[in-house]
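You will see two complexes here that share chain A, one where it goes with chain B and one where it goes with chain C.
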Partner chain A sequence: MIAGRPLLQVRGLRVHVPGPDGRRVDKVAGIDLEVGENEFVSIVGESGSGKTLTVMSLCALTPPGVGITGSAVLSEAGREPTELIGAGPEVLRSVRGARIAYVFQDPLDALDPVRRCGLQVADAYAAHSRKSRADAAAAALRALKRTGLPDPHRVYEAYPHELSGGMRQRVALAAALIAGPRLLVADEPTTALDAQSRSQVLSLLDGLRADVGGLSVLLVTHDITLARKHSNRIYVLNSGRVEEVLGHEGGFKPVSAYARRLFSADPSAHAPRTRIPV
Partner chain B sequence: MRRWIVRRALAMVPLLVGITLVSYAVIRLAPGGPVDAQSEMNPRMTAEARQKLVEIYGLDRPVYEQYLSWAWRVARLDLGRSMVDGRPVLEKIAQALPVTLGVNALSLVIVFAAGIPLGVWSAVRRGSAVERGVTTLTLAALAVPAYWVALLLISGLGVGLRLLPVTGLQSLEHELLSPFERVLDTARHLVLPVFVSALAGTAVVARFMRASLGQTLTRGYVRAARARGLSEHAVVYRHALRNALLPVITLLGLSLPGLLGGSVLFETLFALPGMGRLFYDAVNTRDYPLVMGVLVLGAIVTLLGNFLADLGYLWADPRIRTAHREGTSR
Partner chain C sequence: MSVAWPFLEARELSRSYVRGRVRVLSGVSFRLERGRTLGILGESGSGKSTLVRLLLGLLEPHAGKVLYEGVDPSELRGRERRAWRRRVQAVFQDPAGSLDPRLSVESSLAEPLRVQGWRDRRVIRERVEEALDAVELTRAYLSRRPHQMSGGECQRVAIARALVLQPELIVLDEPVSSLDLVVQAQVLNLLLRLQLDKGLSYILVSHDLKVIRHLAHDVLVLRAGQVCEAGPCEQVFGQPTHPYTRLLIETSL
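For the complex of A and B:
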């Protein structure tokens, strides 16, 4: 499926949390997953299937007390591969943002309420660069402009609560992509947005991928329609395991009973629609 | 926003009037009066003399009239004279205030300067021995009565080991010392009272800070900042701590009135002539002008403390600034 070594190769990933009786409970029970260069890969599954824990464990962004085992190797072209699971704090810090970036579900929660948006984007740049604050500010302004924000100077000076949900998610995207990562992990990035901002953010992401040239996306979503529309490959998760891997070539036709049930919950699958008399 | 500040400041006036009304009513409802307190133990006090005193103090007039004439005087910044020794109330307060203010200001500085770092430390090192130690110590500091700690320290460090003086603010030979030695002398006298009055407050602030920062550290923007590759130091101190300190502004505003209020207990234990004892004696002798004087001063500082806390929020939290600019709140 992918020639050579994929950008991200996950093997036997397990994530466990302390259970009520003190025993380990596996929330993610051995997942294999791959993301190639410039690929768009989605993870779908119902709530509690381990989607978010899987992607958060890649950069050890899980809450304290959560145990992670297995292997996840990140290998960009022309760069030494890096094992992420069990990596030390300095390695993780150098990967986060610069090689793997994250956008989260609720952009209001993902931005510090008492720090100006532009500074938060500049912080992300400065975290991976020795350049001056002025350079970071200029880079932040450019990054905000790239996300298609109408008035980047105003957004730079604004606090998160002064912006709309769609604008906030653009700020979060600017902060995520400013340090030039090769992989973007997007955890339900559109769930908290209204329908219009939702499609805008996704087409913006497509545009940014074309601009950057070779940005892979690992999308976690409930939205089967969205996953089908953008993905090269869809992983269907069920209780911490990969139930099925669906390829674009196969037209994303689910085979297993669980995946068929999940996909049948997708409203777009029920065409033609009939009006319900009120 | 400027209009909001002016409105907020003006709203303190009716509040202050209300406080003085209630205080006046309460002290007048208490049984006895200044004349009783002065004549009870005096066998030569005749009925005519008592009547004369009542007239001098104006206590024969209706209470609302007495309140109004008191309020009119206060409005012209005159707190009146003590009914016990005839000295101006302001002068008596001015004499007691520096002692209380000195001890309390030092203690307030310690409370926040020690409480905040202790709380931050134990929140950042959650689950470590440091956290358990701080939690145990702060719990102990809150659980033991402060007067008991004071007595232990007086008997142990003061009387037993003779390390520190335990009464007053100056030694007997204070006047004979060089200026430097005088400062040192007063500082040594301050150690125990300041320590004892700061103890519980430090524990409260430390626990508050630990809870506040602990909660902030679980917020999404902390994880997001980490996910952007920010150093742990920047994550904790630039993002989490700034947000966790916001509620501390309220705590600071609420502690300002405590600067003036002396504790009768500590001032008695350490023989300090402060506000606590002044007020205690004033209540016992029903010295109405002095009681009201201390209460008015306390009320003003309490209202100012709240006002400053609101201004502090306005300065520190952009969300509240926006709310007031748009006039959506209050």
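For the complex of A and C:
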């Protein structure tokens, strides 16, 4: 199914939470998913379908009390494959940020409000290398420059509240990518942004992928237009299961009733002022 | 006499905050005819919410006028003002936030009628049931409270609450942006049908180009408090002239 070497292989992933009567409730009920090297893969589905839990469970970023079983293997070229599910804190620390990085919907939540942006990007670098403070600062400035921020020196010195939403998201991206991860997980990264920033962040992502060479993206979104525009493959999730996998070569034409309904709900797929068949 | 007036007209509306230092709307004008939908497309900070408040008479403009069939509602008092209120209703983004959590659906829907001076319980009940039918909810919902319903169901109740007074215009402020895609489509279908059935006029305020394109006849693109492009949807979205409109189209379609 995938073109290049597989980078991430998820098999039978289950995520359960404690239910009201103490029994387990499976929020993710056995998901198989693959991301190849250099691939752009999207996960779509209704709210509550398990999109976010799936990607958060890869690095054990789920809240306490949430149980994760199954397998997720990260295999980078020239490295031993790593099993992520059930991995100990040492392994997770070496994976988080350095090999799998995350950006989220709201960059204000991702950034510390009382620390200068540049230092936060440098922190991400320092956490994964033994370089000096000065080296980390220089790397942070380079990372900020790479994200196309107009005045990287000013952004370095700025606090998050002094920047616009789009600039903050680019700072978050700089911090995510500074340690050179192979996989970037982006959970609704443009939902909170206005059109201008949205367009900038997306073309930045495309540019960075071409630039860095060997960066795969796993995008979680409810925006089907966006997923179609950028992905090699789209996983359609329904109540914690993969309902259907759609490929670029197939023109992302959904077959299952659930996926068809989901795709059909997009108003831009229909003539204006006509009934949307859902 | 009244035939010559447009149903709703905004004339050069301006509004500032912080003693005139922050200008959020300047010189916004448009017209809306009966049975039509005007989409107001804008991002956060464009002045959408201020415009909604001016249209609903919740805020006074610093310059310019809102005219409903030639009448400025800010000049109406007492009985006339209340009669105007009945004609213009609103539905907001967060359905859970706009419904009183302590009230059953029945009480929520009856409240606007009571405020308008209705007293006959039987007649009120009839009207409430009619409104519930219109939004395709069964009678079983009459006893529900907001926390017992999904976001989509709450939004249907909010629409029913706007309908119960049989208004002529409904101001829809981001009516579907808190809803899931499938539920969003269902509510859009409902709004379209209600407009055709009842000849309603809509002002549809949204940051979502797709929603506006689907529902509106005409669109006004608002940016930093000013109209940057306006016209029929096919024209504005088909041949946008302003670079900002082009950017919006490029990033959403």
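The rule is simple: the second predicted complex is superposed on the first by the 266 of 278 C-alpha atoms of A that agree within 3 Å, B and C clash if a C-alpha of one lies under 4 Å from a C-alpha of the other, contacts with A are read in each partner's own complex, and residues count from 1 in each chain.
Going forward, contacts are C-beta pairs under 8 Å (C-beta built on N, C-alpha and C of every residue); 3 or more make two chains touch, one makes a residue touch a chain.
The shown structure was predicted, so the numbers you read here are calculated from the model rather than taken from an experiment.
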After superposing on the shared chain, does chain C or chain B touch more chain A residues? B
Mind working out whether A:Arg154 is in touch with chain B, chain C, both or neither, as first, second, both or neither? neither
For A:Arg93 in the superposed arrangement: first (chain B), second (chain C), both or neither? first
Quick check on the superposed pair: does A:Ser199 touch chain B, chain C, both, or neither? Answer first, second, both or neither. second
Just checking: does A:Pro63 make contact with chain B only, chain C only, both, or neither of them? Give me first, second, both or neither. first
State whether A:Val114 touches chain B only (first), chain C only (second), both chains, or neither. first
Those residues of chain A which chain B touches in one complex and chain C touches in the other: none
Of chain B, residues touching chain A in the complex: 126-127, 218-221, 223-232, 234, 238-239, 242-243, 246, 316-319, 322
Chain C contact footprint on chain A (complex, rising order): 46-47, 194-196, 198-199, 202, 222, 224-225, 261-262, 264-268, 270, 272-276, 278
Can you tell me which positions in chain C touch chain A when the two form their complex? 43-44, 180-182, 184-186, 188-189, 192-193, 207, 210-211, 213-215, 217, 233-234, 244, 247-248, 250-253
Taking the touch rule as given, give the residues of chain A at its contact with chain B in the complex, in rising order. 59, 61, 63-64, 89, 93-98, 101-102, 104, 106, 109-115, 120, 123-124, 127-128, 159, 161-162, 172, 175-176, 179
